[in-house]
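Here the chain labels run A, B, C, D, E and F in written order, and each chain numbers its own residues starting at 1.
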Amino acid sequence: MKLLLINPNRTQAVTDAVLAAARAAAHPGTELIAVTGRRGPAIIGSRAENAIAQHEVLELAAQHAGEVDAIVLGVSLDSALWPCRELLDIPVIGMTEAGLLVGATLAGRIGVLTYGARMAPLYRELVEQHGMTARLAGVEAIDVTPEETFATPGVVQARVLEGIDRLVRCDGAEAVLLAGAAMASMAAPLQPRAPVPLLDGVACAVALAQVRHRLALPAARAGSLAPILGREVTDVSAPLAALFAGGHAR
Amino acid sequence: MKLLLINPNRTQAVTDAVLAAARAAAHPGTELIAVTGRRGPAIIGSRAENAIAQHEVLELAAQHAGEVDAIVLGVSLDSALWPCRELLDIPVIGMTEAGLLVGATLAGRIGVLTYGARMAPLYRELVEQHGMTARLAGVEAIDVTPEETFATPGVVQARVLEGIDRLVRCDGAEAVLLAGAAMASMAAPLQPRAPVPLLDGVACAVALAQVRHRLALPAARAGSLAPILGREVTDVSAPLAALFAGGHAR
Amino acid sequence: MKLLLINPNRTQAVTDAVLAAARAAAHPGTELIAVTGRRGPAIIGSRAENAIAQHEVLELAAQHAGEVDAIVLGVSLDSALWPCRELLDIPVIGMTEAGLLVGATLAGRIGVLTYGARMAPLYRELVEQHGMTARLAGVEAIDVTPEETFATPGVVQARVLEGIDRLVRCDGAEAVLLAGAAMASMAAPLQPRAPVPLLDGVACAVALAQVRHRLALPAARAGSLAPILGREVTDVSAPLAALFAGGHAR
Amino acid sequence: MKLLLINPNRTQAVTDAVLAAARAAAHPGTELIAVTGRRGPAIIGSRAENAIAQHEVLELAAQHAGEVDAIVLGVSLDSALWPCRELLDIPVIGMTEAGLLVGATLAGRIGVLTYGARMAPLYRELVEQHGMTARLAGVEAIDVTPEETFATPGVVQARVLEGIDRLVRCDGAEAVLLAGAAMASMAAPLQPRAPVPLLDGVACAVALAQVRHRLALPAARAGSLAPILGREVTDVSAPLAALFAGGHAR
Amino acid sequence: MKLLLINPNRTQAVTDAVLAAARAAAHPGTELIAVTGRRGPAIIGSRAENAIAQHEVLELAAQHAGEVDAIVLGVSLDSALWPCRELLDIPVIGMTEAGLLVGATLAGRIGVLTYGARMAPLYRELVEQHGMTARLAGVEAIDVTPEETFATPGVVQARVLEGIDRLVRCDGAEAVLLAGAAMASMAAPLQPRAPVPLLDGVACAVALAQVRHRLALPAARAGSLAPILGREVTDVSAPLAALFAGGHAR
Amino acid sequence: MKLLLINPNRTQAVTDAVLAAARAAAHPGTELIAVTGRRGPAIIGSRAENAIAQHEVLELAAQHAGEVDAIVLGVSLDSALWPCRELLDIPVIGMTEAGLLVGATLAGRIGVLTYGARMAPLYRELVEQHGMTARLAGVEAIDVTPEETFATPGVVQARVLEGIDRLVRCDGAEAVLLAGAAMASMAAPLQPRAPVPLLDGVACAVALAQVRHRLALPAARAGSLAPILGREVTDVSAPLAALFAGGHAR
């Protein structure tokens, strides 16, 4: 099976972390292709950057979809997840979506831990959009920038463990999702010191993408996912324009 | 007061309809500037086209924000509404948001009428994202394309009136929001034949933009709306890049 | 345009504060008529006082509706808001309703600040009745009586700022509605010292009343707002009895 | 035990029906006192009439509370239920509240049947205010006036049975609450022809009032139910004014 | 009237406490029969023990239903409540259900106090299953085992009062339900020292069972409560097997 | 990997269908062990039968857990799912849970199709307990018994397709979960004739069990999932008693 990992952030270190997490989770023999955003934000840290990044997700998806069996969005805001599902017949899975869905099989309520107070409302909104608020224990934000996590991982880890502890003690979390592509590499090393399971969205997303590939379910094609045909979208790449014109109906 | 109308669809007829509706609603003396998408979808008809259009909304907003007092998004999916609010200190108002908020002052529950069955779930999701689901009577979709509304308005009007009637009788709507920029011109002519108030999102949005301008409230700058500073976003226009770098803190 | 401000509390100082806030918000040339409750509570501080006050709101509305274009209820529990809407064809807007609706255009979640712990549940219930709970960050109560706010404003202001700070830091409020007619005069002077926009319900309500007047939407007349005809209600004033008998169908 | 039945409608036939239903449900030896509204609506048929009636409920409650052990509000909109609870230390129970609470012990979801399409939204709102929406199957309205039910009971009964049937078949009701004081006498005769239990709000309220009396729980006196002291309310009867001044703290 | 109290825990002291609470609440002349689980958990302290206990509840109910007029489940997780309702035509009432329903007649929001942090999520889920989450102030857990409450009641009482205080001050509880059969005997002695009404689930359940008996409503027999006929269930007692085979249709 | 399939129904044909569906979904090389209920209901068709079956699920799980890597509950009410998770350290996955979680990766809202009108409320409650109501389009019941599906599959298939069609057209389902172990074999043959993806809970559960095994997440051990220690449960098998005594802490 061939799996495309899309990191729309223009930061190769994030892609590398996503790829490493994916490799650890994927079945042996899975071919992983990781692509990095060429345009847009260095690291998504706001709704506005996310809006720009969605365009790039669609471009990267359109360019590579024909070569792969499934796509994982290696970006924790699940940017352009449903737009991709409208356009493509192959499975597309988001990191945070996957963390919540897998987490739902082992914990009553799931805590979400992220960097930066301004991101907390965005994750609450995302969980709400996924219709999973009933399973959310709470969102806790740690005040370090995603960039710092690559520079001083030791200090950051202590802060992350404190955040996990608050989610468990105060909010009743029975599992914690480490949200933010920059945290992708932390779940495994911190797990032994954490009182609850730590969910790595990349690993969960890769696993669900492989489930979807194996189950071979057709793409949904009713309601909001009915085939897209004859839409004229300009100033996008030829592959993306072709999808809007009806390419998924192949 | 100067008001910018952004229609990210690449269809001048939509911009013209939006501008006409805005003119009818704005205070005399309001200067209206209407801009049309240069890139992206002809008419937004899916989440994927909406994702592309959000980028264009941000570009048009960044380019013109310095010249105006407030912005109205002339696109019924309220594309890039909160991203604009993160980046700009001036009021930004969405059509559907405005229709729901004004409608809430005259009806217990509001029906939403739109074109195309595949759009109904998108409006339900949008109302949910606005936190207004408790005020939603239902979403009804009419199977004509937005393009047809410009070609055969007579036939379309009869269908619209039937849809209004279903929302009132079956779903308990006490007002109906005509969603979709293409419907902007229909509320006024159909009102005499409708049993409930018909909400035109453009008129409502223009009115709320003028309210916000008059009230002179500062932009929210806490939580997810804290100042954006030092974000590096490439392949966007210079004005938009400047906003990401901290331009709103002027 | 002629706008009626109804303060059903029997406290002229509240009416004066409401009128001042209204004057600051209204378009120049707006004629403002402010009336004060003649019967019932001095200041509404419980559901029971609110029940009594609703009767007085209806009386004052019936008496003056014929002379004005719209009504603003200058009472933060939005007393008799929907009963007025059933009886009258002109726009009627509530203070807290308006604060929430305008606040929704600039903040993800809105905090509500009020006087007296026993009032907090009433505001939570009111927000719920408005169907806006999804946009509520929280309700914070300060333990001073409304009466004190007129006597020692300096001390009270410090307490109000602390309450605002708790709503922002602990509850994620991105704007704060100062609820209670007695707070009407505080939003403007405190705004420079507050980290988020402060919403004055009177100003918001006046602005929305002017929007509704300008948009000239018909009153909703379906479902629970269908015309009231032939209802016999005794021991009310002649104008109110006339409305129950079918006066709104004029 | 002495039980006060308050019917704030100025219609003796309603009081008579309420009293008969109460007598059938009360323990032998219960002393029942039924009072009828002297001022206000003949029959409550709108939110506006309900607002007026709340005042009369408080007056009647204040006048008679000292002589009885508990109060049942014989009005299906539970008019002034919580205001009474703020002011009085004895149990006060509402008809619709009671129907929902008793119904919750025998049916997963409860249907509500009422007269007049304009009342359906009011019952939905009431159930929501009671926090019982999760147990609501639906609200069905029959287009006869409450007055007709006293004139042509035979025809009305057939319509009621049809409404019950729709609630069971289409909405999944496992019990049906006959809402509206005018329906008080119908549950018993129709029960043999109905496929589910029919809930008579009066009987349920009387039963719960007797439960509350027997359990001898103190009135709640925290939060919104903290003692009311020193409130000056004018133009109300002396007993009601005394309650506002602190009478419940006796 | 004959009332069966089922305590599926294998702990006679719990049955004794339940019986004492029931006796204090029941009408004089009520015949109370209390039975104790013979198989399964000593005290239910997890979902798994509750699953086992449900079987025993059904056995005890089937064995004794023919001799009684109503059943109260003396187990605070309301174990097998709806299964009993499917099988039996007599009223069956749960302790926590009853505490919430009676509490709803005297408090806006109800706090739940229990033993053991691991039980808190179970009560939250139970309140949700009862559709009463809108009336829940919060769930507070005290870290003593149910067993300790019988050994050192003095120390435990102080902890319980602290928990009640937190629910009132922090969560806005206006009444507190003491959840857990082991707490059944505490409400009465602690009431004088508590700021809000303390709800004893057993007393509330006995009272509601007597209400249901008096109202003589038929059992619901639609939807999920339609008659059970011809079900073959093995390895259960003869009386229970008979109910599955259609015994309730007697 | 070794996977245990537990069918607590005493019907070997159901176990066979579950096993066949599992085999089709499992990775090659997966060892599948399917066990059938020895005690309790022939086919679960009510909450009461489900209560009995939960006991048997726990017995079968306790007996076989030591030999396997994960468990799938081959019963569409997800009987004893969380009790199993409390007791065991290996992954345990429910059919309906899995269908909803996998369905959430391909459809906005999921319809649930089942046999027998009395089961519809049970599935609504189950989806609610899973916290997935926001993703539920609706529940549709077909009036054939589960037993008939094995006897006359041709006729039943037509009815199933009609039910799918109603869920898609009327309720906006974008995927349909075929609920009920008896339907396990229908998804694959009907898929070509269905307009949306058909979810087979067994296949989804097997896939998620394999995901959980591969991700090697520790079991949650906080809150309601904290280790069970020293619980005395009698009249259960030795392996189950050992789990209650602390067996999962191995």
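Here is the rule we use: a contact is a pair of C-beta atoms (placed from the backbone, for glycine too) under 8 Å apart; a residue touches a chain by one contact, two chains touch by 3 or more.
Since the model is a prediction, treat every value here as computed from it, not as a measurement.
Common partners of chain E and chain F, by the touch rule above, are A, D. On a Cα centroid basis, the chain most remote from chain D in this structure is A.
Summarising the inter-chain layout, the chain whose CA centre lies farthest from the centre of chain E is B. Mean C-alpha position of chain A lies 44 Å from that of chain C.
If you average the CA atoms of chain A and of chain D, the two centres end up 52 Å from each other. Multi-chain contact residues, meaning those touching two or more other chains, occur in chain B at positions 82, 108-109, 120-121, 125, 172, 174, 223-225. Taken chain by chain, the contacts fit none of the simple shapes, being neither an open path, a ring, a star, nor a full set of pairwise contacts. Applying the touch definition to every pair of chains gives A-B, A-C, A-E, A-F, B-C, B-D, B-F, C-D, C-E, D-E, D-F, E-F. Residues 10, 38-42, 45-52, 54-55, 57-58, 80, 82-84, 86-87, 117-122, 125, 128-129, 223-226, 228, 231-236, 243-244 of chain D are the ones touching chain C in the complex.
Those residues of chain E lying in contact with chain C across their complex are 108-109, 172, 174. Taken together, the chain E residues at the contact with chain D in this complex read 25, 27, 82, 85, 91, 93, 97-98, 101-102, 104-109, 130-135, 168, 172-175, 191, 195-199, 203-204, 207-208, 210-212, 214-215, 217-225. Remark: chain F residues 120-121, 125 touch chain D in the complex.
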